[in-house]
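To keep things simple, chains are lettered A, B, C, D, E and F as they appear, and every chain counts its residues starting from 1.
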């Protein structure tokens, strides 16, 4: 399953709730303001790093670049463009947006 | 693969419509089919033909319309959500006794059944919102 | 709601889940989510509702919206059974973090752990979130 | 006392416009003056004369208009925000070469200077949004 | 000063941020979804109770009633209607909404 | 922005603070906030900008919005000085919680503690938040 999150982890609870409900082996794609969760030094870094034991984390590169965060990505987070976003949706059996 | 796309927020205020558009464009570029783009909640505001964004900014409505025209996309605006928010086509305007309408011709107004049908018909339904 | 119901899908039944994570009345998402739920039942789909995070507040007893001059839709949750929508799952941790118990809710629900909720989400064909 | 009110979200999707309206009504009932209600961001969508909410729901645009007519309220829609979102009056429609307009006559379109002026002139400016 | 908050403390960070920036002696009015912060048994209760040492907390009663929360208000939270909301704004020298 | 600037307020100068708590590009609030900031400077008010919580992200260096097809407004923060807007306050705790330092920001700012920010907010006449 692909989980899609779009909100900043320091503003809302959706990244945290998604990670609490993502099954082992799921993929989690961070887009829009959720890409801040993929960056180093922030309050969410430890939580995201620990989640990487169970799920694979992706972040949308154009959204990172738009926020000046392209150089701050946590090691192990996979970067995709919109084409990669499409592939992730196509490759997983189903998807869920955490709005 | 057959995709459906749901857009829950209006243009400019949230990035949802931008993300959905760029996703749709990328999916088409990869040879996928977009079965339907459904606009719900404030998403119905993406269908206005009266928007005039600054000249150096993207024109969200027109680029959806251009993508739809090029790829024969079915872009559907939820009628119940549209009524609450003042989006109407010519027919609906007459039916409601209004003196104007504002839907761009590349969009059509229909019921929520069209969203459920997209869920049934599509291999994947991707939701964009706030 | 006046919807066209003339599109029979030839018996395709998919598992639809509606994930409700937002409180009612502060935004319209809970109400407009319910409108899709009712339509999906008319399409005879396998419908589940999940209440997670602030979504659990949607089911509170004792709602009185007179003072904010909005229409309450609390009764609609009670009517779901009449549409054969009986799979209502509430996230236990979400209730506990809000000091809410099953007795506080307006309808009978299945209270599930986060892990069980994750399993339920995982087995859906279509997940709609607003 | 002289109040200014700023509304940053559209009708129905968020409670902001409802809260602002009930605040304005209460302020007027207490004998205060409302110098101006300014609609910014998606708040401009509160000025559409084309909304048709369900018959048993509140009519957000009409009740703002009724309050304004009764108390001679100055209700101003930000032109820059309105252009992005497809809200226009007759003049603006002609100027932009559009074939329709949709602003309710109880509202007027003007610049952001009107918001700053409200901040300067009013004893208090209260902001309602998402 | 009057601080006005309108978002649920379990969804967003605005109640927390408001309380972290409200000076001693300020008033904090909880409206819309922020009224959940005024209720017993929730995750925000301890934070709100400790804040009451420095600031006065108000909650909009019509918003509590609309959420089925009218009977769960933390002791010491003051309830107001829209008229009381107007009075709070008028009595304080200035106000700020935490959107 | 085409605004009428013909309303001189006879020298009334108030302390206006714009509180920015939201990240840029995910929503339009940061951009439309800046538009009001520029207008308020034209009214020769005593303008301060506060960046708190995710609002500190608005000032990041190295923003490149090409990939999301939006216009970047990062440069506008640099232009504020030319409008005599020089009071930019950034909340220290907000930066630290996001792993950001002053060197990461596109403009010179005053970094203040939460207590200092509280003092600044307290002394304003008008606080605008979007």
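Convention: a contact is a pair of C-beta atoms (placed from the backbone, for glycine too) under 8 Å apart; a residue touches a chain by one contact, two chains touch by 3 or more.
Quantities reported herein were computed from a predicted structural model and do not represent experimental measurements.
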Count of contact steps on the shortest path from chain B to chain E: 2
Rotation in the CA alignment of chain B with chain D, degrees, nearest 5: 180
Separation of chain A from chain E, taking each centre as the mean of its C-alpha atoms, in whole Å: 33
Chain C-chain E separation of Cα centroids, rounded to whole Å: 28
Approximate Å spacing (C-alpha centroids) for the pair chain E, chain F: 26
Shared-contact residues (touching 2 or more other chains) in chain A: 6, 10-11, 13, 32-33, 62, 81, 94-95, 97, 99
For chain C, residues that touch 2 or more chains besides their own: 25-29, 53, 68, 70, 125-127, 129-130
Multi-partner residues of chain B (at least 2 other chains): 8, 12-13, 15, 19, 22, 41, 57, 80, 125, 127, 129
Chain contact graph, described as a line, ring, star, complete graph or other shape: other
All pairs of touching chains, each written as two labels joined by a dash: A-B, A-C, A-E, A-F, B-C, B-D, B-F, C-D, C-E, D-E, D-F, E-F
Residue numbers on chain A that touch chain B, as the complex places them: 4, 6, 31-33, 62, 81-83, 85-87, 89-90, 94-95, 97, 99
Chain B contact footprint on chain D (complex, rising order): 10-13, 41-42, 45, 48-54, 57, 61, 80, 83-88, 93, 96, 98, 100-102
In the complex, chain E residues that touch chain F: 1, 13-14, 17, 20-23, 26, 94-99
Interface residues, chain E side, partner chain A - complex: 10-13
For the chain F and chain A complex, residues of the former touching the latter: 22-27, 53-54, 57, 60-68, 70, 72, 74, 97-100, 104
